[in-house]
Each structure stands twice: as C-alpha cells, then as structure tokens.
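Going in written order, the chains are labelled A, B, C, D, E and F, and every chain counts its residues from 1.
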Amino acid sequence: MPLFDKPLAELREYRPERDEQPDFDAFWQRTLAEARDLPLEAEFTPYDAGLSVIDVYDVRFCGWGGHRIAGWFMLPAGTTEPLPTVVTYIGYGGGRGLPHDWLTLPAAGYATFIMDTRGQGSVNIPGDTPDPVGGASPQAPGFLTRGVLDPDDYYYRRVFTDAVRAVEAALTHPCADAGRVVVDGSSQGGGIAQAVAALYPGLLGAMIDVPFLTGFRRATELVDTMPYREIVTYLATHRDHEEQVFRTLSYFDGTNFAPRCTVPALFSVALMDATCPPSTVFGSYNHYAGPKEIRVWTYNQHEGGQTFQVRERLTWLRDLVKS
Amino acid sequence: MPLFDKPLAELREYRPERDEQPDFDAFWQRTLAEARDLPLEAEFTPYDAGLSVIDVYDVRFCGWGGHRIAGWFMLPAGTTEPLPTVVTYIGYGGGRGLPHDWLTLPAAGYATFIMDTRGQGSVNIPGDTPDPVGGASPQAPGFLTRGVLDPDDYYYRRVFTDAVRAVEAALTHPCADAGRVVVDGSSQGGGIAQAVAALYPGLLGAMIDVPFLTGFRRATELVDTMPYREIVTYLATHRDHEEQVFRTLSYFDGTNFAPRCTVPALFSVALMDATCPPSTVFGSYNHYAGPKEIRVWTYNQHEGGQTFQVRERLTWLRDLVKS
Amino acid sequence: MPLFDKPLAELREYRPERDEQPDFDAFWQRTLAEARDLPLEAEFTPYDAGLSVIDVYDVRFCGWGGHRIAGWFMLPAGTTEPLPTVVTYIGYGGGRGLPHDWLTLPAAGYATFIMDTRGQGSVNIPGDTPDPVGGASPQAPGFLTRGVLDPDDYYYRRVFTDAVRAVEAALTHPCADAGRVVVDGSSQGGGIAQAVAALYPGLLGAMIDVPFLTGFRRATELVDTMPYREIVTYLATHRDHEEQVFRTLSYFDGTNFAPRCTVPALFSVALMDATCPPSTVFGSYNHYAGPKEIRVWTYNQHEGGQTFQVRERLTWLRDLVKS
Amino acid sequence: MPLFDKPLAELREYRPERDEQPDFDAFWQRTLAEARDLPLEAEFTPYDAGLSVIDVYDVRFCGWGGHRIAGWFMLPAGTTEPLPTVVTYIGYGGGRGLPHDWLTLPAAGYATFIMDTRGQGSVNIPGDTPDPVGGASPQAPGFLTRGVLDPDDYYYRRVFTDAVRAVEAALTHPCADAGRVVVDGSSQGGGIAQAVAALYPGLLGAMIDVPFLTGFRRATELVDTMPYREIVTYLATHRDHEEQVFRTLSYFDGTNFAPRCTVPALFSVALMDATCPPSTVFGSYNHYAGPKEIRVWTYNQHEGGQTFQVRERLTWLRDLVKS
Amino acid sequence: MPLFDKPLAELREYRPERDEQPDFDAFWQRTLAEARDLPLEAEFTPYDAGLSVIDVYDVRFCGWGGHRIAGWFMLPAGTTEPLPTVVTYIGYGGGRGLPHDWLTLPAAGYATFIMDTRGQGSVNIPGDTPDPVGGASPQAPGFLTRGVLDPDDYYYRRVFTDAVRAVEAALTHPCADAGRVVVDGSSQGGGIAQAVAALYPGLLGAMIDVPFLTGFRRATELVDTMPYREIVTYLATHRDHEEQVFRTLSYFDGTNFAPRCTVPALFSVALMDATCPPSTVFGSYNHYAGPKEIRVWTYNQHEGGQTFQVRERLTWLRDLVKS
Amino acid sequence: MPLFDKPLAELREYRPERDEQPDFDAFWQRTLAEARDLPLEAEFTPYDAGLSVIDVYDVRFCGWGGHRIAGWFMLPAGTTEPLPTVVTYIGYGGGRGLPHDWLTLPAAGYATFIMDTRGQGSVNIPGDTPDPVGGASPQAPGFLTRGVLDPDDYYYRRVFTDAVRAVEAALTHPCADAGRVVVDGSSQGGGIAQAVAALYPGLLGAMIDVPFLTGFRRATELVDTMPYREIVTYLATHRDHEEQVFRTLSYFDGTNFAPRCTVPALFSVALMDATCPPSTVFGSYNHYAGPKEIRVWTYNQHEGGQTFQVRERLTWLRDLVKS
C-alpha cells in the first residue's frame, strides 16, 4: 500500500513513548568532553574546482578519536566578511564527492561546510574519510550495526561527535559567522543535524529532511528496506541481543534528541517513504521542542520534496537569517 | 553479465553500417526551414531563484509549430558582456525543474540555457512545456513511439527542431556569445545535442554523455530496459510495422547525425550501461566526424561518470573556450 | 496481503463520500452537445475475417472533435433483422485487434460493436485510432495524465465522448435495435461503460467488469500498480498540482457517474485485485442507482472471473433481453 | 539480452544432433497398441453454452490406461455433413475451460475438438480431467518430472497417447471428416500436435505454434524459466540422474518426432521467447520432414504472433482444406 | 511490513473459530484402521554413511495403501539398549537426503527415525519415495491440491497415515523405546508431527517448529507465498470449488488436531514469517490441549530460530526424557 | 542463461593469465612472520553442547595483530589419541554458530577445528569475533573493500593470517595429529583454505568447494551478484582506483595461491553458479600445482553438490587419511 503508515491526521498527533536511558545526557557530555580534549586542527586548503563564482576549500579537521575528517568549505567568490553558515551532513552511503555537487547553498550566499561521513562514501558518491575503528563485535554489512552492542563502541557515537566538531571547525574560518550557524541534512544527514541541534548550543536553526536514525524499533517492524534492514539482519542472526541492541540505539535515536532541541527547525516528510517511514519522522517532529515547521509531500517516497524542498529551504533560511 | 556488450577493444573499432534514407538531409532542411518561417519570440523574464551569485531568467520561445517552449537562462550575477554559452538538453522523462537544479555551468562562468523537453517533465523532475501534438497513430506509453509511423509526424522531429531553435533563442540574449556556443546533454540530452551539432552550423563544441537515441535497432535487440523497450512494446504489438518504424527512426538516429558533425566533441560511455548500451554509443562516436574524445567508465551503469564526468566536462570546456 | 482491501462485509456497505463539482452535469451536457454538432459519418465496410458464421464490418465514425474512430461491427451471418446490440469498450492499453478476438457476443446472437480507444492499442493488442491531441500540459507516460490539469483538456473527455458517439454510430446500422442496447466493458472498458450508462439515456443495461477509472484518490493511496500509478508518478513530480488533478479527475470518476445510472447492471469484482482494488469497485457499485447485481471472485486478481464471468454475462444478458 | 538466442540466419540453418534411442518407434508402437486394446467409448453430450451460431458437445473418451478424458466438440450450428476437423491441444497448466474460450475455429467453419490435458487445468483455465497416476519416483512441482526416470512411467507417455486417441474419438462423430483432420496447438499443445503428426498416419496437416517439449537439454541450459526449469529443479536435486532423465525425455522430444512427420505444417516462433527458445523451435522445424512454413515474430516473447498468428492460421488452413 | 501479522500480545490470545466436520474423528479412525489392515513390513538395512560414531540403517516400511516408504534410522554407534526415540518429519519439497543431513539428534544420544515424504524430495534435498496416486481431480503444481476435492483422495491423508505408520515402524527396532517416543518436525514436518501427536496415543512429546498445514483459509488470505499460494492458484482457477476445498482441508488442519493433543509440546514461531504466518501458528498453539511452551523469534522469517532453536530443542528434550 | 559461463570443455582447459606482483611471496612471509612474533595463546574450554557422542571445546587464539579469534574444536567423545584433523573455514557472512552446526566431520571420526571469520557472523549464522580494524579508506558495505587500497591494510590479510594461525592453534591440542591436517571450506571458506594450503607447509590435503576469492577481475565483469558486487559498487564510485584495487586484490587471489599449493586437493564447482562463476573456480583449479580432483555439478548454482558433495568429501578424506 503506498500510504502504508498511519493517516496524516494521526501522524500529526503521534508522540511515541521515548525509550531513554538515565545517563543519556551524561553519555554525550562525556563523549564530547573527551573529543574536545584532543586538538581540532582545522585546515582550509584552497581548491580549484573550476568554479568562477564560488571559492572552495578542501578541509580537514580532527573528529572523534582525533581521526582526520574531510570536508569542503564553499562560499561566494571573494567573500571577506562573516556570512551565515550552513553545516551540511550527508545521506547514508555517500561521501563528500566534489564541490560542484554542493552548489545550492553557496550560490544562495551562504558559507557552507560539507562534512564527510567517516567510513562511508563508496556507494554512488565518493568519500575520503576512513573509520579506523572496526568495533568490538561482529557486524552486518553497512554501518548501522558496527559496534552496536555498546554505546561507547557504536559507530554513530563517532559520527555525531565528528558532526559537533565540524561546527567547531567551520567556525575557525573567518568568513563563518558564529552567531548564524544552521545545521542541515537529508536522511542520515537529517538525523545527524538533529543530534547536533541537541548537542551543540547556540545554533541559529536546523533543516532536517526526511530524517533517518529516529524511531529505530518502529522502523524495523514497519519497513523491510535498507538501511534499517541492516538492524533486522543483525537481530535475525543475533537473536539473543535484541534488548542490548535497542538499548545502544536509544542513545542515538532522534526521538531522544528532539526534546533537547530548542532552535527553529524546518522538517520535511514524505508519506510514501518506505525508507524513513513518516511515523518515525513525526515521532521526532512531534517531540521537537523548538519552533518548527514541516513540509509534507504526499505522493513521494524517500526522495521527498527534492527540488521543491530545496526552494522551501532557501525561503525558510532567508527568513531565518533575516530575523 | 555486467559487461554484457562487446569488449572495449572491439567497441573502439565498432563502426556499424548506417541505415540512412536518401532524403535525410532534405528532410531536415525542410523541417528547419518550416520552423524558421515562424517567429522565434524569445522572452527572458528575470526570476527570483533565491541565488545571490547567479542571475536567472525564465525563458519562453517558439519551437516547432510555433509552440511555446520553456527554459531557464542563467549566468554569473551582474554579467554584462557576452559569455561563452552552453545550451543544455535534458534526459528522458524529466523537465527543466527549478534553476538551482542547474548550477554547475553558470557557477563555472558560462551563460547557460536549459531547454525544457516538450511533453516530458512528469517523471521525477517537473517540466512546464506540453506537446500539443498527439500524433497520427496509436502509441505505446512514453514518447518514443508517438507518431513513429511517419518521420513528419514523429515526436523527435518536434524536439530536435525545438533544440535548434533553442540555440537561436539563447543567442538573442546580449550575454550569449554567438561565436562560442556549446551544446550539451546527457542520455536523451546527449542525443539531442548530437543532432543539433549536425543541424546547426557554427557551434564551438558539443558535450555528449552516455547518449540515447542512437543505434535504435541494435538497442532493441540488446537490452530489455526502458526507454528503448517502448519501441519493443510497440513492435511486439504492431508486428506488421517493423520496417516502417525503423525507417522513421533512421531520420533521428545519432549514427546518422554523427558523420555530419565537425565541431570538437567530448563523449562519455559506461561499459555496464544497460540503458544506452556502449556499442550504441561507440556506434555514434566512431562515426563522429569532428575532433573527439571519449571518457570510458568501466564499472558504471547509465549513471556514467557522474561527478567525475562533471569535472572532465569543466576541464574540457575550459580548454575549448580558451583555444 | 492477498486480501489487502477491506473485508467483504465492509465492502458491501462501503459508500464513500463523493467529490463532485457543481457543474458536473453541465460539463458533460456541453461536451456532448459540442460533439453532436459535428457529423457522425458512421461507415460500415464489409470485412473478410475468414469467419463463416459471423458477418464482420470494419467501422469508422466521428468521435470527439470529429476525429475518426475505428471499430468492428459483428453479428450472426445473414442477419437482416434488428438484434439486441452490445457496445463493448476495451481495457487499458489494448486496441480493437482483429475480429476473431471478439467472438463471444456475436456467437451468442448479439450484434456487437467494438470501439477502439483513441491513442491506445500499442500494448499487446493493436489498435488503429490515434489521439491527435497531445494536451496543454506535460504528462507522465500513458494516458491517465494527458491533459489532466483541465477537465476540458483531459484525455478521457475525448474517450467518453467517443463512447457515447459509438452507441449512436452502432444504431445507424439497420441490424442494431435501438431499444435493446447494452454497454459493456472490463477494466477501463467497464469504466467507460458506466460513464455511457450515465450519459446516454435509453439503454437496456450495462455490464461492468472489474471497472477502472473509479475512486481515483483512494486507488492512488491503496495500490502501487499500473495504471493508477501513472497518477502517482505525475503527482510525485508535480507536487503542487494535487488538488487541481483530483478536481479534473472528479469529472471522470465512476463514483460520480454511478448515481446517475438507472439501467440494470451486472458488475464483477475480484477481492485480490491490486489493479482496480475492490473498494473502488464497490464504491461505484454501492452508489449505482439502477437495479444491480455483482459477482464476487474471492481468490482472483485483476483477471476477475474470466471464463466464469463470461458465462455469467451470457446468462444475465439472455435474461435481460428476454425480459 | 532480448535476442538472447542464435541470430535468425543461424536459426534457419540450425539442425541439432538428435539424441534418439533405438527402440523409439517400438516404444510408441507398443504404447499405442496397448491403448487401442482398451475400448474408446467416446461420448458426445449436447451442451448449452449459450451460443446461438455454434453447436457444442461435452465429450468424454478413454485415453491411456482407459482413463476418461474430457473435451469439447464444437461446430457451426445445424451442421449435418462431415466438415474438415481440427483437434486442438492445450498449453501447459490450463484446461479445457468453457466452450466460449474456443470459438475461432468453429466460427470459421471447422469442426473442432478440444482435448483436456490430464492432471492439468488448475492454473488460470480450469480443466476437468485428472491424471490418476502419481508415478514411481519423486517429482518436482508440475508435470515435467512426473515419472521421469522411466519412459514407461513418464507423464507425457499418457498425454501423447490420449492425444492420439482424441483424434480417433473425434472421428467417431458423423460431422468429422476423417480425410480432413488437422492437429493443432500452441506451446505444450504444439508439442503434442507434433507428436500426433508423427504417431497418427493420415492427417491432413498440423499447426504448431511456439512449441514446447522439444530440445529439452538445450532448453535447460539456455533459459531459466518455467516450465523447463522444472527439469533443472529436479536435476539440481537428483544430481545422479542426469543421463537417465534425458534418456527418458528423448522419447518425447519434438526433435525426434519431427523427422517422422510428413504432413504439411505451419509453425510459428518468437525470437524473444525465453519460455520456448527459438533454437529449440527451429531444432524441430529444421528436422520436420513434411512441407512446412514458419512465421517468425521478431519482437515477441512466448505470446508469439497472437491475433496475427490466428489470422495466419485461418488463411493457411483455408488453403490447406481447399487443396 | 515486516511485522505484517497481529501484534504479539494479540497473537498470544488468538483462538480462531475452528471449522471441523462432525466425522473428523471417524474419518481418521477409518483411515488408520484401513492402513493397519495392511502389513507394516519394516526393514532396517545397515548403511555405510562413513560416520564412525553413528550407526545408520536404511529403512523401508509400508505406509498408506501398502506403499513402500523410505527412511533413515540412526543412533549412537554400538547402542544395544532401547533409547528415547525421535521420529522426524521433513519440510515441504525436500526428501530424506543422506544420513549426514540428520546428525544432531543421534549425536545427542537419541534413536532417530527420519521419514521420507512421499512424492516430494525433488527440490533441494533428494527423496526416494514416490506417491503412486495421482488423484481424482486436476491439481496445481505441487502437492497441496492433489486430490483436494475429496478428503479420501487428498494427498495428506496418505502422508499423515505414513507418519503414524512411521512411528510404528520405528518401534519395531529393538533400540527404540516405545515408552519414550517424541515426534518432531519443522514447517511441513511440524504440521505432520502435530497430526501424529493427535492420532497416535502414547507419545512422550512433540516438537513443532514454525508449523505449516494449519489455518489454511487465513493463510491464503494473509500471505502470497509458496506453498500456501498453491491453494490460491487452484481456487483462482476452480472458482466454484472454494467451499469444497476448505471442507477437505479441515480434515488436515492443525487447528483441528491441536485440541486432540495431550502430550507436552515445544512450539516455535517467527513473527516475520510470511510462509507460515504467526497467527496460523498461534491458532494451533492456543488450541493445543497438552502442556506447551513456545519460543518466539521476533526478527525472523520462516527460518525461525535455526541454530538457536536447535539448542532449545536439545534442552527441552533432555528435560522431557529425564522427567 | 543458466549455463552463462564458458562450456565445460573450455573450462577444463581454461588457464587465465595470472596478475601477480613481484613481492607476493615476500608480502606473505613478512605478514606471517609479524603474526608469529605475537603469542598464540590457544585456549580450549570444554563446552556442553548437549551432544553425547561428540566432545566440544570453545576455543580462542590470537590471530593477526594478536586479536582473539573464536572457534570450536570437536572430536569423537572420549578421544585421547591424536586424530587426523580438519580445519574448516566459513562461508561469507556467517559465523561459527553453535557446535551442532558442524557435526559431519567429527561424527566421521575427525578432530575438527572451526575458525570464526573476524567481523563476520551477523548474516544468518552468528559469529563471536570482531574485526577491530576499520581500515584506512572508506568502504562499501560488507568486507570485500575494507582497506582495499593497500595490501597491508586489506581485510583478508588479517583473515588469511588468522587462518594460518588457526592451524597452529589446532595443533596445540593433544588430539590433533600434526602430520595429518587437512584444510577445508566452501565458498569463502574454500578461498581461505586454498590460501592456507599455499602458506602453511606440511598439510595433508585441502578440500575446496565452490571457492570464492579467486579471479576477482573476471568475476566483477561476469556476474552481478553479491558479494563480488561489493567490488563493483566500490569501483563504480571510486572510479579512479581501479588499478590500485586490483593490485591489492592480486595478493589475495586464489589464482595466485594455486600454483604454490602442492598437497592433494578435492575441488568442486557448479556450472550454474552465478556467485562464484565456474571459470573463476577452474582458473584456480587449472593452476593448482598439487594432485587434484574436481567434482562438477552441472545443474547447480552456488549450493553446489550439497549433501552429495559431503559424501564425496567423506570418501575422498577417508582415502587420503588411509594413504
């Protein structure tokens, strides 16, 4: 059934019980504190991307464990003053690609920082950042179950930490305006952006499109699609680890970050999205504690609003920055 | 088999017999002459796309039959001098979308004209241009068999005519440099670009990625994929029209335009491309009469070189324009 | 789930809200009046189909816009008196084929008129009738979204008008008994037959098998199959046209024709039919205002009752004609 | 690859080695002699099929082992003189259905006898004839491996015997002209028809469309489709029975019946037919020892020529009967 | 939806209405009495399976109709005293294979009797036992509809009778302890085991994993998978036999055997099992009249608990035998 | 096409060019020397697997990098003397599971050592061994491209080293006979076994079923199946790393280990195996330098000979050990 999830009216009211461990905040404070004990060492190297109206820098900085994380920093050519800055996180599987893959935001006048996702970037869009950590337990193919038996060992602990550090790295550039930083992403990128919105105080806003990494348990029961199916594959094998796995995932679930977010957010959701099902998106959205709007795309799958959503984002962002 | 077509060494030598009607040139001269008898009426309306470094115009002009064709015209903000100009044609199914879908070339400093493909633009990327002609014969779903029993009635006669007129429309803008026009496109867009390269004298070059609309008969025998399968569906039904159909298609086959092209061209081909199989691409390439290069992507399907090919194009284009 | 729709007990009671524009009747009166302003020009040409017990005529008449529509007229060999007459409309994609494709009704003693569906007839069964109108907006592959932004421009406005004119054309033949005309069709043909039953007064009955073109919105939300998916494809692209599209479709929705029908009808429905889901069929059936029966096939998909339903039809028709 | 088999020019010359046991003829003589030792007991019961121009009889006769086999006998209403008679065999899976499923030949003036295929008739089109023999070895789902370890026990020994007896049963009806009998069938029916053409002397002709049951070994190596895949499933399990299985099949392979046929035949073949691949059809055709013609459908799969082939058959049959 | 059936809490309470004929018990008494009128003739032939710690016998005995049924009898090497004995039935399609396919139970110290399933054993795992009965009605491919119009003629009447006789055959071996017999099976084997638990008094227990052959009607409405789909295929063709088919199946439905079972049972169920859906398993389990436990595997399909379930079985069996 | 690869006669002669780096041997000598610099620390803990005739030990030892690798050691209950010993490696994705998953060889009288494959064991069969190394480059999902840019960093460097150490670990047990060690595996396990046969001198033999990890480049061009498709996915993204990737893989390709093997080997191959295509298997087999036999399964896919091959293995092994 194309509209396989709850009807829209129910989705708008859907506030699932949250499954949260008592040390959720302590876990993240400890995690970020450890990361900040290491130097950031952000480097911005000018890069000839063949673009006459955009300046591009090839970036490296230290993320979790001091590992070097790649990125791009792009802004209107010749910028010398601080600009409102968007930090963008990437969808599952892909990497940072090349600068011409990320032109919209700099062409609209924003300083834009694209963070590579460690380990990923070998499916469709190339990345340049390894994840040197293999983890302390076996894993299903992909990244969703790497280290999934222990929150300290879990893959996304490293990624979310990288993502917070990416904001800090961006702000070392003189053209990034620390008072006007927006985090941004689609799918996995949206999940990361929401986590950063909760973990990094002082942002201006967040753009969270068809977010992944939220409502893990419901997703595994509702859809049989990649990448949530990685978890199903793992649990169908390690039948004795169900509770342990969902305990780990609770530290990374958007539903638990949402009530900790206070900055304005623009969400989007697609009602026929079998990859990130609408109830998991509304599960985050309805718990989101800041000012919020959501664009609903009725007849779309995980592609969501695509070019229409880009237009929505540009408009929303322009208003946010002006305000 | 992923490498389902001929081996690369054979592909490089593959020059298929061409199936060409004696009045091929006359057909196109007559067609274009008729189109040029109608006024072009190109209009450029400034459009707020929310992009600070790019100027955008919403364009309309008269294509085949005087029908209004939509497009975008984009260039670096504040341009006042004639720039080298790229006219881009679109892949099958999609439409012109929104300006932020086409940022690479203007961001690289080129005036860029995007032509909507009549009738199309209701699959993934929206278009704004109808094809008011339904044709004089029944058709399979899609556009490949619309009017396919008669070259005069065939859908692509209208599209290729629109495409020639699009170049002429672009050149009515003061920032388009008539001496430095390059046609460009991927898949269907590549097929159109190659036709224009043959039909419009005086171009500077052509960029033709994984072209469609070339080697029709071989394609229908070699791959069972959309959109070439539209022709198979038609012929599996109208079993008595095989020769008539391929006679019509011969007027639109890239293999017959290629030897009429003399401007420098950059092609690309993917060896695992089951949509536009490599032998059909090399069939055009090896007959192409101008200076030429081809980028070969071994492990790719119809996506071809993607971001890597964009980089190749920017480099090739920069060199071409400089020369 | 094979029984994916509502349970049968609920289906029998299911009377969906109808979405009908105030000018629904005016729209159709105006449409038919315009068509009738043009001459009908029905021609019946004897045709050698190699059948010794059936006489066959190759038919042409003027449908919407005066366009020539093809058909077959068949009746027991040597008939000279008026016979009860069945006008049959065709399922989606196919055309009128050859006379031996339509033997059941003439072999059972009925004058039978088969109407080609304009534009269609290039998928499996060949047709001979073009739709010369391409429409005033882009369209997804197929016919369901051709001209879908405007009821006046919509494809099925032309088809339903052709279908009313087909009845009138049939009745110009001396062996067709104007007082005993039954309309008939399966899938798309059933949808057309129901429309004609509402639009053409004075019929004797209607046979409507697993009808298509009814309950458009519910169908797009419930099944992900062709051809209803054409609408989903369109709306997934033209995300801003949802209400406009469903407004157009409301003029063509069987649910709105059903309460305007008063002649006896035999419906059929298949409970595992994912092409024309059972609730959309019952949505029409339960609103149908004439005497009615429905055959329910529990374990069937869109093929419905097939040879069993043919037997039901022959029996029902014999009783109807006798009464 | 749609044209996955040999090119047409090679197909026309393709005469595979035949794998034939020395007692092939003795096997069939013994088999038929045993069957003829049992009474035929053909019964023709008038049947009301609701058809005014065709007379219908529900038939039963004794096939292999004296088992009762069902059939239909149909002819133009009121026939009293012997007519040329077609005995039709059915495609795999289906049964005799209802009389209105078989109207073409009687409507064209032929007495027509439809033989049910024992055991089959529970996939799409219902049958009425069981196969009481389960066989002396395990079998894969379907009928192709029932009793496949021994020619005497093999399922098609019973079917082919039934088919010869069906001709004899038809000829007990006074309206069947013993001097003008044609056997006929498509797919499995074509395979049966060819066997009967070899086993029953004195026929007038044979119509063999896209025949199945010919070139077994090549088919299992060339296509991965049902029903030939039943043999692959069996051999993938019973890995030690390969030679025994193909020895059995050699008694039933059309390639071995073909050189024993002398009556005129009309074949058809589809070049994209992955169910009965073209080389297996040409393998029979090129060994066929009588006058022969073949219709080649280039762009079709197993549906072959469909309505076009029906027209070919009617024409060929009319000429044959006249001659 | 992976969790496509009822939620677990509802499943635990789900006790469907049973559809049982009044002569259910009489039918089975008569059936078994007839079988026991024939001699059992169990033979145990020592077999060299190349296993040093397990003794193996190739077994034959007379099942329904006196037909010879194959099996394996295996036990720890050198056993001379009666051991607790497990009679294992096999999943759908497969046969008894070779002794090394069945090592777990004999390696754990049990005498183990593996019964071949007549007719089956040509899909993946080879069998050696034919079903000589073809049945009195046509059938869909497979075994689920062989003789399905009549309980006396139905395939599983023969199989379940074989299964009861297999217990009796096992007990003719001096190392099988008649007071400690457990029946066992997975999928089809589980369905058979449950039937035997109802039909053969005096067992010690039953192990019933993800059982098939229970809840037939619900299964056909809920899942579209093999092998239940065989019934759907049959009913989609023989549309007039629905009630007759389900009447036959009611004599073989686990839901009707369950309340007749009194020995301790270990069930298992997988919540994502679309082959034997969880509600059909719980339908049996909740009606099961003996002491019972069920292992629930949340994230598994029809593979169920696999190696984990084997461990559960060994533990449960050890405790049962001790008690 | 089921027989999609070369014909058997060609396969038997197929000796592909080998692509081998000059430091191949040095690479492996250095790798193993480094591993042997670390302590082995093999531990054998008795484990209650509920099996009365088999003794089981839960094993740990240090593999590459000193990482702890899990395994099972199993042998006939009560063994006290050294036995011929088989070291078994596991197929891709799975882990060591539970002891009852590995009964055949110990039941046949062999000491059997099962090595867990690091990182794997979360698809179907659970494993207990992590791969703590994430690698120095991004990777596609799975293990085939983990560290694939550098032989020193490549995943299988660690696995093959573990595998050599597993032999050494097995030999620390007093019941393992150092003079009679056979390595063994299917698919990935076969690839590992062949590598060990080349790297560890003094074995008695090798059993290599349908081996994976051999003929990498040909496999990626010939089949589009997992897991070789992981490499295609990687190269389709990292289009600039083709030569670097195949250079790395050459150090791990069975084709390069084969000529370094001198012990007797039993191979198997399946001619319809699209996972490990037959030409890649014969590519190894024909280069294999020791005495060798190969079992060819014509109608099988990657399951190969299954229970039949087990029988072949037991027989071959018995003869080998006797000799």
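Here is the rule we go by: a residue touches a chain if its C-beta (ideal position, glycine included) is under 8 Å from a C-beta of that chain, and two chains touch if they have at least 3 such contacts.
Values in this document were obtained by computation on a predicted structure and should not be read as measured data.
Common partners of chain B and chain D, by the touch rule above, are C, F. The chains touching chain C as well as chain F are A, B, D, E.
Taking C-D and C-E together, the pair of chains sharing more C-beta contacts is C-D. Fitting chain A to chain D on CA positions gives a rotation angle of 180°, reported to the nearest 5.
With centres set at the average Cα position, the gap from chain A to chain C is 50 Å.
Averaging Cα coordinates per chain places chain D and chain E 39 Å apart. Contact of a single residue of chain F with at least two other chains is seen at positions 124-126, 236, 239, 303, 308. Judged by the touch criterion defined above, the protein chains form a pattern that is neither an open path, a ring nor a star, and not fully connected either.
Pairwise, the chains that make contact are A-B, A-C, A-E, A-F, B-C, B-D, B-F, C-D, C-E, D-E, D-F, E-F. Contact residues on chain E toward chain F in their complex (touch as defined above): 50-54, 76-77, 97-98, 100-101, 103-104, 106-109, 124-126, 303, 306-308, 310-311, 314-315, 318.
For chain B in complex with chain C, the residues that touch the partner chain are 93, 95, 119-143, 145-146, 233-234, 236-239.
Residue ranges on chain C touching chain E, taken from their complex, read 1-3, 272, 297-301, 303, 305, 308.
Those residues of chain B whose C-beta lies close enough to touch chain D in the complex are 4, 220-224, 232, 235-236, 239-240, 242.
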